[in-house]
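Report on one structure; see the data block that follows.
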Amino acid sequence: MTVPYETISTRLDGNVLFATFNAPPINLIGPEVVRDLVGLLDELSQPSSARVVVFDSADPDFFFPHVDLTKVPEYTAEAARAGGPGDASLGMLFRKLSEIPAVTVAKLRGRARGAGSEFLLACDMRFASRENAVLGQPEVGIGTLPGAGAIQHLTRLLGRSRALEAVLTSADFDADLAERYGWINRAVPDAALDAFVAALAARMGEFPREALLAAKAAINAISLPDLAAVRADAALFQQLVRGEAAQQRTAELFERGLQTRGRTELGLGGVLGEMDGRSPRA
Amino acid sequence: MTVPYETISTRLDGNVLFATFNAPPINLIGPEVVRDLVGLLDELSQPSSARVVVFDSADPDFFFPHVDLTKVPEYTAEAARAGGPGDASLGMLFRKLSEIPAVTVAKLRGRARGAGSEFLLACDMRFASRENAVLGQPEVGIGTLPGAGAIQHLTRLLGRSRALEAVLTSADFDADLAERYGWINRAVPDAALDAFVAALAARMGEFPREALLAAKAAINAISLPDLAAVRADAALFQQLVRGEAAQQRTAELFERGLQTRGRTELGLGGVLGEMDGRSPRA
Amino acid sequence: MTVPYETISTRLDGNVLFATFNAPPINLIGPEVVRDLVGLLDELSQPSSARVVVFDSADPDFFFPHVDLTKVPEYTAEAARAGGPGDASLGMLFRKLSEIPAVTVAKLRGRARGAGSEFLLACDMRFASRENAVLGQPEVGIGTLPGAGAIQHLTRLLGRSRALEAVLTSADFDADLAERYGWINRAVPDAALDAFVAALAARMGEFPREALLAAKAAINAISLPDLAAVRADAALFQQLVRGEAAQQRTAELFERGLQTRGRTELGLGGVLGEMDGRSPRA
């Protein structure tokens, strides 16, 4: 590792890179995280880089709660550095994540909602603590729609009806339900999760690189959405998040403690169900 | 609600419309049900209509057993009123159901076979009583194939092999197996089903309409079949159902009590397995 | 049955053909098995053939362990007899298997890895002994990638993330995990498996042939990969299996007992995890 990252600590073990997100106070996806992720993806795209990378979070309660809603233009500008002109979006950055040569494994403890869930969905595989993991796409409850991959990935992984349920209800999913629906590969007992993921990553790390690359590319070719869909979802998110409904609901959520460590972020799925649709600041 | 329906009773609660099918004696999908469904879908396509609609049945044993096989031309003519010229089919009507702006939630108790299952598959999500729900596509056992969406939806939701099993065996699926295969979103204990569905619907009913609409449309765009496939399945159903094999097997089933409340309709999946393929009226 | 096969014993019961693979010592997919399978598929493509065929293995430990790696050119030449010019591959042969008019049901006991798993994936449905079944795609661990259908089928059946896990880890899957992921239709207790599959096959065997044919063709039309993808996977397998990494790892595996009845073939998934990536003959 030649570059130190402010919000990602890394450790190389054989052919496996362990990358831990650490962006206090609650690991929001803001400009710093996006900047560091752009850098790490560049690094992992080099031919000599690790064959496998394992992502986790230093915060046991939050993998990524969601984007920093006060800095949408700023993190979007950082994301633009990973793509071509006009492709400034987390969706395009996460699409790049899905295509890097390294095999990406996510280990989930705590909450991964919104773009946090979409980061996980862009990884090649993801394993979650059975006792301590929450996934959710709260966008519709806030007044917009998932713009960084969840529409595409969840529809393909869960099928139309369960994807509609996950997205339209904006509800929290625990690890068992997420496994039954296919949102994650597997729920693993928390006490076994670290060893399980480490062994799986080490195993792949010893396999021939060209075989890993060829197989990943062949599966990607028939499972990733086309770029037009990625761009369309990102544009629609940007449009709706600036709309009146989303602005009002976001304001109410900030009054309730959004983006701070507390009840609203811990139980966002439940909080969205308490807000009514008529009076945004009731 | 400005229009009273003969076979659908409706009740509006906030932004949620509860619609209960009631077409005695056993809720066959015949001309009256199709006529009323065409009317209700028109109503639900209005900008001021309910955001969410919950469908259930007044008959605890039958959601929809299947179409009225004595009135195929008549209900098809009613279905034609929902589509353009040349598009007279339940498949096209159910396709319209999948695209209406309201979020559609089906609550299943009793039997939903053939076009009854296909109605459910066209809804956005469906939850079934763990103790009292049966799904089946009996068409192949009768001598035709599912013509109103099951080929398309089951293949996408269950994958090739489980869709082939469901369609080629024409077997009855209980709620637990239907959940494992992805035919329904979830099996819910009967005693909890009403409250579960009501809460889920009420929750979505408070979310901003434009977000619900945008997310549903984005998921539909990558999960619904193209219209040519819908039309092809409908045409093949119409052709085979008039063929000799289907006519003979249908006649035998009517002798056994088809379309009346009794053993044949209650256990159709089992009855199809008792008929041999050589002598249609053995 | 007019043709006796050296490696397949057949028995016709009503409209169901039972076909048992028997190619001692361990049922490798070599030239003889491929030759016989080409013949059987030709037979099953006749209009008067059985409506349903059930495949199983005479060896309780091995359904098909994988191809005979010492005879890749020979079995490929046999496979060529099933297809058009330039289409010499197991992938194209298995594609033909998916399209024959007979309904194909696989009953799995023992190990089915590599092209053995791909044979099963090409069948219409597959049921496995809960206590005694193993599925795996060891190709990436050996240094190549699945070339006869697993990339295509697993991605569609399991979704991107679980397909990547299955293919990139080259791990063994037991029946319960294979069922949870959708690799098989169902895991069935061993003591109940024979009766379960026989009843399912007999049931379909009594259904009208034209209905079975039409429904299978309609599901195939939206679930089988296009031929270009089948050819591309086969070509990539052929290229990588001749490469240095695969040659070295295959040599090490032969030193460990590959293609003989013993620890390496019984537990190949585990053995691949013991090999390091630096010194191929350590």
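Labels A, B and C are assigned to the chains in the order they are written; within every chain, residues are numbered from 1.
Basically, a residue touches a chain if its C-beta (ideal position, glycine included) is under 8 Å from a C-beta of that chain, and two chains touch if they have at least 3 such contacts.
Being a predicted model, the structure only gives us computed values, none of them experimental.
*Asks:* Using the definition of touching given at the top, classify the network of chains in this structure as line, ring, star, complete or other.
*Replies:* Graph shape, chains as nodes and touching pairs as edges: complete.
*Asks:* List the interface residue numbers of subunit B and of subunit C, divide the shared ones by all numbers used, and answer same when the ratio is over half, different when under half.
*Replies:* different
*Asks:* Which integer distance in Å separates the CA centroid of subunit B from that of subunit C?
*Replies:* Roughly 35 Å, centre to centre.
*Asks:* Among the residues of subunit B, pick out those that touch two or more other chains and give their numbers.
*Replies:* Those would be 156.
*Asks:* Give the list of subunit A residues in touch with subunit B in this complex.
*Replies:* On the subunit A side, the touching residues are 139-146, 151-152, 155-156, 159-165, 167-171, 180, 225, 229, 232-233, 236, 240, 243, 245-246, 249, 272-273, 275-277.
*Asks:* Touching residues of subunit B toward subunit A in the complex: what are they?
*Replies:* Answer in residue numbers: 15, 103, 123-126, 153, 156-157, 179, 182, 184-185, 199-200, 203-208, 210-212, 214-216, 218-224.
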